[in-house]
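In the two complexes below, chain A is the common chain; its partner is chain B in one and chain C in the other.
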Partner chain A sequence: MSVFKRTVKNEFWYVLFLMPGFCLFALALLVPLGMGIRYSFTDWDGVSQSLRYIGWGNYKNALTDDDLWMALINTFKYAIILTVVVNVLSLLFALLLDSYLKFRNVFRTVFFLPSVISIVLSGFIWSYNYSTGLPKLFSFFGFDNVTSPLGNPSYALFGVIVIAVWQGIGAPMIIYIAGLQGIPQEIVESAKIDGAGTSKTLWHIVLPLLAPSFTINMVLTLTGALKVFDLVFVTTHGGPAFATEVMSTYIYSSSFASYKGGYGMALSMIFFVVLVVVTLIQLSVFRRREVEV
Partner chain B sequence: MNKRVYVSICLAMLMLLLAACGGNNGAPAATEEAGNKGAEESEATQAPVEEKPVTISFMHFKSDVTDGVAKIVEQFENENPNIKVEVQPVKYDDYYTLIKTKLAGGDIIDVFTLNSGGQAKLFSDGGYIMDLTGQPFLSSFDESVLKGQATDGKNFVMPINGGPIAVFYNKKIFKDLGLEIPKTYDALLEAANQIKAAGKTPFALGWKDGWTLGMWATRDLPSLTALEEGQTDFFQKLEVGEAKFADNPAVKVTIERAKKLFELGNKDQLGVDYNGAVDLFSKGEVGMMYMGTWPLLDIEKKNPDFYNNDLGYFPYPFSNDPALNKLEFNPDASLAVASNTPHKEAALKFMAFMASKQGGDAWVNNIKSLSYVKGSTTSIAPAMDELQPYFDQGLTYDSQIYFANTTLDWSTQFSQQLQKYFFGKTTPDKIIAEMDDWIAKNHK
Partner chain C sequence: MRKVRHISVFILVSALAIVFLFPFYVAVLMAFKSPQETYDAFYALPAKLDLANFAHAWDTSHYPTAFMNSLIITVVAIGLIVTISAMAGYSIARRNKKFYQMFFVLFLAGMMVPFQITMLPIYKLGKTLHMIDTHWGIILIYGGAGIQMGVLFYTGFIRAISREIEEAATIDGCSTPGIFFRIILPLLKPVTATVLVLNALYIWNDFLLPLLFLQDASYRTIPLQQYFFFGQYSSDLNLAFAYAVMGMVPIIVFFLFMQKYIIKGIAAGAVKG
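Moving on to the complex of A and B:
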C-alpha cells in the first residue's frame, strides 16, 4: 500500500503536467470521435435536431456502395503515386543539396519555399497556371491545344498530384538532409578506403543508415496523402466526372451536399479504420528494415 | 515550499484556460439580456429614447456582388444609426455547408439569405428560422410571389430579388453572320453551328464550377419534363422513390443537349470557371452565354463599350414549340431570420427595410438584379430592355417550382455523370441506369 502511495506521490507530477495536453486531446479528438460513432448509427440528415437509430444500416449500405470503392481506389492511387514520387524526388534533392554545392543554402531555400505557401493558395495558383498560364505559354511556342488537365477526367488526378508534389517536397527533403548529416563520416570514409565507389557507398552505407528518415517520411507522406481534402477541394471539388473524388471529399459531399450526416459519419469511421490499418502495416514493415549504428 | 507555489501557479493557469474557454459563452448571454431589456423598456415607455446600439449579423451568398450588398446595408445603417450590421459574404458553393454547420453548432446568425423551396423547407423543418407569416412588411410583395415562396403554406422566407435566366448574346457576331434571335431549340443549335463555322466560339461555358453546368441542367430538364412531357410531379415522385429517370424521356434529351453544348463551347470547358467564362464573353469573341443577370456588373466593368452597344439577352428556347419558350424567371435570394436571434426587433427592422421601396430599389441599383418589391424599378441594363415585352405580356415561367419542396440533390450527381459522357466514358443509357441506382439509395 505504501509502495502504491509512494508511486502515486512520485508520479503525480507527471500526470499533472500531462493533464492540459490530455484535456485538449480529449476535447478535440476523443469526444468528437465518440459523438461521430454515435451519429454513424443514425439516419441524421446533418441539419435537423432529431435522429433515429438504424443500427448497422449505414455500414451495410457503405459496403455495397460503388462510389465508396471508387473513392477509395482514387485515394490510394493518389496516395501511392504521391508517396513514391515525393520520396524519390526529395531524396534526390537531399543528396544533391547535401553535397558540396555552391549556393546550396540558396537552393535549399528555393526548394523548400513551396511548402511555406498554404495548400489552398497553391491550389488556386496552380488552377490558374493550368487554365490560363500554361496554355498561354505554350501558345507562345506554337502549341495551341493545351488545356487544363484539371478539366479532363483522364488527367485530373495527375494534375492534382503535380501540385501536391510541388508543394510537398520541402519537408521530406529537410528530413532527408538531416538524416544524411547524421551519418557518421568515419563509416563512409572507411568504406571508401575499402574501395567502395560512390554507388556502392550509397547503396550499402548511406541508404541503410537513412532508413529511419525513410520510415518517417513514408509514413508521413502516405498518411497525409490518404487524408487529402483541401487541395482536391479547391482545385477540382472531386470532379470532373468523379475523377478526383477521394475519400475525404466523398465523405464531405455525402454529409453536407446530400444531407446524409449519419452515412457520412459511417464512412468516416470506415476510413478511420482503413487509415489505422495502413499506418500499422507500414510502420511494422519499415521498422524491420532499419539498422542501428 | 516551492511545490506549493508551483501548484498554485498551475492551478491559476488552468483556471485561466477554462475561463478563456468559457468566456465566449458568457458574452452573448449578457448582450441578449441587454437587448431584451432595451426592447422591454422601449415598449413600456412608447417613445424610443436612445435605444442601446445593437449589432446584428447578416450572412449572404451574393459574394460576387459583395460591394453592392455592402452599399445596401450601408443605406440601412444610415437609416438606423443604432443598428450595426456585420455582413459576412460567402461563396455560393460553400454557403449551405457553412451555414448548416454554424447553425447546428449553436452559432447565431440573425439574418441570412436562403433559396426558397427545398432549402427553406430544410431549415424550417429543422426549426432554425422564424415564421414570418403576417408580418406587416410582407404586404409589399404580390400575393402570388409570397405563395410561390411559402413553405407548407407559411412564409418562412421573405423574397428579395429574382431575375431571368436566359442567354446573353453578342449582337455584333449575330449581325455579322446575319443570324436571327433563335425562337426554337433547333434554331439555337443552327445559330451556334454557324458561329462555329465562322471560326468563333458559340457558347462560353464556365463548367469548372459545379453550379454553372448544374444551373443549366436543373432548368432544361424540368422544363422539358413538365412542359414538353407533361410530367409535372416527376421530381416530387423522384424524391420518394416513386419515379425513375428511366421513365422520363426528357432525361435523354437533356443528356444529348449537354454534350452538344459541350462540343459547341469554348476550349477547356471543364477547366475554365464562371469568371473565366464571363471574361471570354466580355472580350466579344463568344456568341452566347447561358446565365442569370449576375455578370452584368462584371461585363460593364470589363468592356463598357460592348455592354452598352452589343450585349443582348434572349430567353433560352428549351423547346421546339415557340409557344412554350417563355422567359425563365427565378427567385434568387430570399431572407430568413434565425429563430434563436436575441435581436429579434433589429432583425425585423432590417427585413422591413429590405421590403421597402427604398430597399427594393437599392437591390436593383446596386447589384443589377430585379426586386420583388412592388413598384421597384426594372431597368437595370441596356440588354434587359430586350426582355421587357416578356415582362409586359407576362410571358414568364419558373421551372424551379417543379421541384419546390424537394430536398434530394440529384443535380450534382447528374452533372458529374454528364462530365463522364463528355469524355466518352459512359453512355446516356448507363447514365440513366446509374442515376436510378443513386436515386434508389438516396430517396426518402
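Moving on to the complex of A and C:
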C-alpha cells in the first residue's frame, strides 16, 4: 500500500469528523467576518446590490466621528464600572455564602435567579421599577420627585449598570464559590493556629489563592460588558441624548437604521481590534500576577 | 460572640436577598392585579387570586407559538452543537498532528469574534441563503457559534480518557466511527451536561440573533415576542407583566431542576478558560 493511500485510510474518518463543525463555523463566523472586512472598504448602504470601493475612506471618517468616540467612552465607562462592581459584590457574596450560614443553597439560588431570565425581561421589569415602582417606594419614606434615571442623561448609564449588576452577579459568584472551595482547608487552619485573625487570613491567604478565579471573572465580565447590546437596546435604545449609546448599539443603528452599511462595518472592525487588544492585555497582566502569587 | 456574628451575617444576606427578589415581587404583583388595584395601592397584595391578566395575555400573545419556536430552536441547536463539537473534539484530541491542532486554534480564536461585530454581514448572508424566517437558518448559526466553546470542552475531556479501550477495539476490528459512537460517546455524559446547560441558557434567552433572523411573527422566540409585546401593550402594564411572568416561568423551572448541572457547568467553564 502506498504512503498516500495509507494516509487517506488513516485520516479519512478523523477529517470527516472535523468537517461538519468547521463548515458551520465558516458559515457563522469566517464568511461573515470576511464579508464584513470587504464591506468596510465600500460605500455599501446595507440594503442595495450596488457598492463601490472607497479604500480607507470609512476608517478615515470614523477617526473624526465624534459619535464613535462618545460610544467608545460610554462602552468603556460602562464596562469598567460594571466589572469592578460585579467583581467586588460577587466576591463578597461568595465569602458570605461560603461561611457558616443557614439556608446558603437557597440564598445562592436567589442571587443566581436574575441571571437566568432574558435581558428583555429584566430590562422591562427594571424600566417599570425605575419609572413607577421605586418612586412609589421612596415617596412612602417621604422622598418625592424621584424620577427614572433612564430618562436623565447624567444618570442613564448608571441606571443601566444597576440592572446589569443585578443580572450579572450569578456566574462570577459561582466561580468565586468554586474557587473558595478549592482552597485546601489545612492552609487556612495552619494560618489560624499561627495566630492570624479572620481579616488577616482573608487578606494574606484566601484572596491570593483566589487569583485564578479573579482572573477568569475579570476577563469574562469585562469582555462581556464591552459587547453589551441587548440591555441598552431594550431599555434606552442608546438615549437619552446619546448618553447610553455603546459600540454594539451604535454599530446596529449605523448598519440597519442609518443605511450606512459600509461605515457600520468599519466601526465593527475598529471595535473588533479594540476587543482583541483588551483581551490580550488582560490575559498577560493577570496571568503574570498569578505567577508571582 | 460567634453566635452574634452568625446571626448578623444571616440578617445581612437576607436583606440582600430581599433586594434581589424585589423586582420579581413587583412583576408578579403587577401580573395578578387590575390597573385599578395597582393605582389604589401599588405594593398591596391583590384582593383575590385573579388570573384574568394571564388569560388575556395567553389569548393575545401567541404564547404557545413563541414557546414552541424557542423550544425547537434551543433543543435542535444544542443537539447539533453537542454532536459536531464531540466529533471535532475527538479528532483533535486523538490526532496529534499540526493539521488538527490548527483547527483547534482556529475555533478558539473564533471566540473573540462576537455577533455584535458581524451582525450586518450575517444578516446579509442569511438573506442570500434564504435562512431568514426559518428554524434551520438560526439553528445552523447557533451551531457554528456553539462549536467554539464546545470543542474546547470536548477536546480537553477526551484527552483525559485512556486510549487502551480504543486500541483493544481496533484490534477487534472496530472502525473509527464505531469506536466513537459505541465507546467514546457514552463516556462523554458529564462534559455534555456542561455544554448542554450553558448553551441552553444562552440560546433560550438570546435576543440579537432572533432580532436579525426571525422577523415574521410566527417564528419569533419568547424573548423577541416579549420585546414586541411590551412595545405594543405599553399602556396596559398589568397585561404586559402577566406575559413577562409567563415568559420567565419555563426558564426558571429549568434552572431549578438543572441547578446542580448549571452550577457545575459554570465552575467547569471557569477552569477551562
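By definition in this document, the second predicted complex is superposed on the first by the 270 of 293 C-alpha atoms of A that agree within 3 Å, B and C clash if a C-alpha of one lies under 4 Å from a C-alpha of the other, contacts with A are read in each partner's own complex, and residues count from 1 in each chain.
Just so it is clear, contacts are C-beta pairs under 8 Å (C-beta built on N, C-alpha and C of every residue); 3 or more make two chains touch, one makes a residue touch a chain.
This structure is a prediction, so every number in the text was calculated from the model and none was measured.
Of the two partners, chain B and chain C, it is C that touches more residues of chain A. In the superposed model, A:Lys192 lies in contact with neither chain B nor chain C. In the superposition on chain A, A:Pro153 contacts chain B only, with no contact to chain C.
By the touch criterion defined above, A:Gly46 reaches both chain B and chain C.
In the superposition on chain A, contact is made by A:His237 with chain B only, not with chain C.
Shared-chain residue A:Phe256: touches chain B and chain C both.
Of the two partner chains, chain C is the only one touched by A:Leu18; chain B is not. When the shared chain is aligned, no partner comes close enough to touch A:Lys77: not chain B, not chain C.
By the touch criterion defined above, A:Asp65 reaches chain B but does not reach chain C. Residues 20, 46, 132, 252, 256 of chain A touch chain B in one complex and chain C in the other.
By the touch rule above, chain A contacts chain B in their complex via residues 16, 19-20, 46-49, 61, 65-66, 127, 130-132, 135, 145, 147-154, 237-242, 252-253, 256-260.
Residues 10, 14, 17, 93, 96-97, 100-101, 103-104, 122-123, 125-128, 208, 210, 267-273, 276, 407, 409, 412, 415-417, 419-420, 422-423, 425, 437, 441-442 of chain B are the ones touching chain A in the complex. The touching residues of chain A, when paired with chain C in their complex, are 11, 13-15, 17-18, 20-22, 24-29, 31-33, 35-36, 39, 46, 93, 96-97, 99-102, 107-114, 116-122, 124-126, 128-129, 132-133, 136-137, 140, 166, 171, 174-175, 177-179, 213, 216-217, 219-220, 227, 229-230, 233-234, 247-248, 251-252, 255-256, 261, 264-265, 268-269, 271-272, 275-276, 279. Contact residues on chain C toward chain A in their complex (touch as defined above): 6, 9-10, 12-13, 16-17, 20-24, 26-27, 30, 42-43, 80, 83-85, 87-88, 90-92, 94-95, 100, 103, 106-107, 110, 112-114, 116-122, 124-125, 140-145, 147-148, 151, 175-177, 180, 201, 204-205, 207-208, 222-224, 226-227, 230, 237, 240-241, 244, 247-248, 251-252, 254-256, 259, 263, 266-267, 270, 273.
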